[in-house]
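What follows are several structures.
Shared chain: chain A. Partners: chain B in the first complex, chain C in the second.
What follows is the complex of A and B.
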């Protein structure tokens, strides 16, 4: 009986993975080789024509660039802010546990809610941000109307939503650094800043490597924030690969192009991750 | 003048008094061991000297300066931690250089000092490794080396050998003693191991419940323990401590069992505790009746555990393998080997040796 238990469970796992992940992924990739005006239409084999078409379009390169800008800036800000908050929350002060709990809250918000709240806050006539800026005599910002501002907006929403993830992970990591290392550093004459760079950061380097990788992949594939906040606009200023792929497939009914974009996006990411592992190896060599 | 001087040092954590009124002067080149049971405040005292723990009350002077309120780095101290506390991502050289780097020492000087310290500790071949690639004993040397390169006025060590196995511990103990003689700096060394204290110390400070019980050279505290606690803590095997009544110049241990009281007593009668070191009691042709309940063979010596007047007593003799369990024996206790303590306060009652 038990002899078959382990292979049995394993088999179920493998089957589920094949059925639910590998299968659909392969199907999606296969779609990119067909011309297919709708999901119900009969597919026509076109080989790599869709890829050629996509790679020749300005929209693709624009979306790729936007994705890099969006993911890159969002990660840098999340990590820097997240570490900052983690260090603050690691200090001893009254109400620390309460604040630690609160700090995690944004992460629990559904993206829709976060985006809507942000939109209300910056609403042209009623938004609290708009009113406050007006009170302080600052010129109005058209958050979703100009190209730079709308990119800033989607980045801000993303940073707000996912900084808590970095904070919480980093905070948990901070608890694992032996206190004696800080004492040794104090005796050696290192102040708080040097303690951070010589004790904290090196100790948490493995955690940080994983955080940046995970957040990077998630941000690059993140669809909902951009779609809900700007829909990729104005004039494609915030359109990145996931949105472009969706638009091609479901708004312009070119399933093949949509699938080709998704596949290309996957390869771009794979190359990026491979380079990342080269530059920041998970295991410290030697 | 004393290199380090602790004056009425006190540490409280809220209502908890961890250390109370510690007075101690450490001379240059002197190795002082803080000794006591777990929780007696040894580490707290050491950490107050290091500056890792704020001083609740009292004064601390190092090298003639009042350093009571200074940061650790400004106190001219170096510390060796129990778990070594080496920076795991830095090489051994990086670990040893760090303190000097933080002080802005120039690179050539750092290299010179690290090389010299590594040479002294025989760790030159390890300089390019990381701490994770070292054994416990090697890490201990590196931790010592890190303190050494700083050339401070005083070295502080908190149970530095407690993570090593028995053999390595005694070897490192010898090395630390040699090293200390060689560099001639003041050293404050915390341990709960009385053997370590006896073998290393110029003077031992015995603590209990945050208070100093006695300060003296190893032989002083062995020969003339200030109270019953010190008597029981110093020496291995432990001193026998037996309740007795002092009357008419005799110590009555039990029904018909008594000893002549030693001379030079500060008191003529009362309830006392008699202290006798196992190694000071000897089998004799005639003497007190002792029934043997247990025998521990230590090789060159034999430890008998038995009863004297219904009380547990330990007697250590030269090697004996001719005595059976349950048999009787006569023992004699020389007058000079009797320590007498007040039963209530535990204070020593004999004045002479």
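What follows is the complex of A and C.
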């Protein structure tokens, strides 16, 4: 029985991965070599023509840049704020357990709920934020009205939604740092800031490396927040590669271009991840 | 009967093999029997619906039960937002499980499906009725869809505020902008027309252009919005919209359908555009507001021409081995149950079939009675040949996917955004839009 257990479980896993992940991914890549004006049209082989078309378009480079800005700023803010909250929640104070629970709450909210509630709160006529600001004599904020404001707004929503992931993961890591290290640092005269940079951060470097990697990949591929908040607008200011790919494939019915953008996005991510591992190598197993 | 012992409660390999063999045999036998069983009953009709209002969904649930009792055929209704309908339809076809009947909201998509011979002509259902203007979109005499409403985008205005300020219903751009400016007071803004890259802007914000006589294509499908005749008109329209924008609440650049609806019903804007749903929402959420809202068509700059924007919806029947059943079902739905369906959104579903307007059963609805004068006004807009009745996706000499691409690529809202957000010169914004249109349709 045991003889078959390991290959059996492994086989199921490999089969599921092949069928549900590798197969569809390869199919999506294969679509990028065809011209298909709709999902029902007969595909026509065009080789790399769709890639040439996509790479020659300003929309692709604009979307790539927007994706870098969106993912980059969102990760920096999530990590900085997440570590800050984790350090706070690692202190002893009354109500700590409740606050830890509350801190995780945004992560549990469905994205669609969070984005729509945010949009309603800042609605230009009826939003509670707008009305309160008006009552206090403050001018309205044009949350989605300019190109910069739209990008800032989608980053804000993303930070609010996913900072708890960083907080929780980092908090779990903090509890594994041996207390003796801090005691030794204190004996050597290190204050809280030096303790953080010389004990906490080095101890949690592997966790931080993984957090930044995961959040980076997830943010770069994040579709729902941008789509729900701005649809990529105004004037493409928040349109990143996932939105552009979706729009090409399912709004303009250029399936080949949509697939080519998705494939290029995959390669961009692969290169970024490879560079990341080169710069921040994972710890070798002992 | 003998029993094999298990080891520690876990099946033996022999038991597992026997069990799997028995299960396989059972499945194989049931598979052999299935076609015979299936042949004895009519196949269910798969219906893709995109009208997701609460009352409409309830109607379809009732309708499915009734049809099952009447004809013995199950109707399976899937409901998705209109934006996702075409992907669902084409995915169904590609996966070998097509819908039998589907709701479509763009005539370009009907044309695509017809060209690929995925849908069947519906003349046997449509020919016996009289229809409003510019709604059937026949292709070589064949009608491929059954339009059930117009969903015209109209301008709503506050009658009470007009009266209080002594304003009259405007028939020129200048008068309209003047009224919007006159009605900005504190939190109350002059108007709301969406400007973002979304369907709401495409539907609600461009009928001023159509009233002005602007066309996007000539008879040969050349883009002409930047030619000598159209460009000054389109540029003047952009200047006019920039003037209106100054009277709008913050958020117009991302406003969608619900934003305009809620602002109109809440009374925070004096003007806005929508179809009949505003009256339904007002009757439900703010009953006083219903009586204060009047409607008017979009106007041109000189007071000579009016227009309204298409927001039509219809059903198509797909070519499947169940088409016969689907056509029978459609005949029943569009005759016996048409009025009940339209009553599920009585003012919003403005009938495309003219006989409905005179059907006493339809007129007996409480909301249709309450807003009878406005509904008569809406009817005139689809029968009066002098009113321009068009939209971005129906531009051009005949139904085609090219205007659909212009619609979906949001070239027109981007033209507005270039003017309003980037303060681009109007003529330059028109020229950029024309260039992008050519790129999109090539």
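Details
In the analysis below, the second predicted complex is superposed on the first by the 270 of 286 C-alpha atoms of A that agree within 3 Å, B and C clash if a C-alpha of one lies under 4 Å from a C-alpha of the other, contacts with A are read in each partner's own complex, and residues count from 1 in each chain.
Just so it is clear, a contact is a pair of C-beta atoms (placed from the backbone, for glycine too) under 8 Å apart; a residue touches a chain by one contact, two chains touch by 3 or more.
Not measured: the values here are computed from a predicted model.
After superposition onto chain A, the modelled positions of chain B and chain C are compatible, with room for both.
Superposing both complexes on chain A places the Cα centres of chain B and chain C at an angle of 150° as seen from the Cα centre of chain A, in steps of 10.
When both complexes are overlaid on chain A, the residue A:193 reaches neither chain B nor chain C. Judged by the touch definition given at the top, the superposed model places A:184 against chain B, while chain C stays out of reach. Legend: residue contacts after superposition of the two complexes on their common chain; A:205 is shown touching chain B, with no touch to chain C. Of the two partner chains, chain C is the only one touched by A:144; chain B is not. When the two structures are aligned on the shared chain, A:234 is found in touch with chain C, with no touch to chain B. Taking chain A as the reference, the larger set of touched residues comes from C, when chain B and chain C are compared. In the superposition on chain A, A:251 makes contact with chain C only, not with chain B.
Contact with neither chain B nor chain C is seen for A:56 once the two complexes are overlaid on the shared chain. For the pair chain B and chain C, the minimum alpha-carbon spacing after aligning on chain A is 44 Å. Residues 178, 180-181, 183-190, 194, 198-199, 202-203, 205, 284, 286 of chain A are the ones touching chain B in the complex.
Those residues of chain A whose C-beta lies close enough to touch chain C in the complex are 1, 37-41, 119, 122-126, 130-131, 134, 140-147, 150, 230-235, 250-253. Those residues of chain B that touch chain A in the complex are listed here as 50-52, 71-73, 77-79, 81-83, 85-90, 98-99, 102-103, 130.
Those residues of chain C lying in contact with chain A across their complex are 10, 13, 86-87, 90-91, 93-94, 112-113, 116, 118, 187, 189, 192, 196-198, 249-254, 259, 262-263, 266, 268-269, 401, 405, 408-410, 414, 417-418, 421-422, 440.
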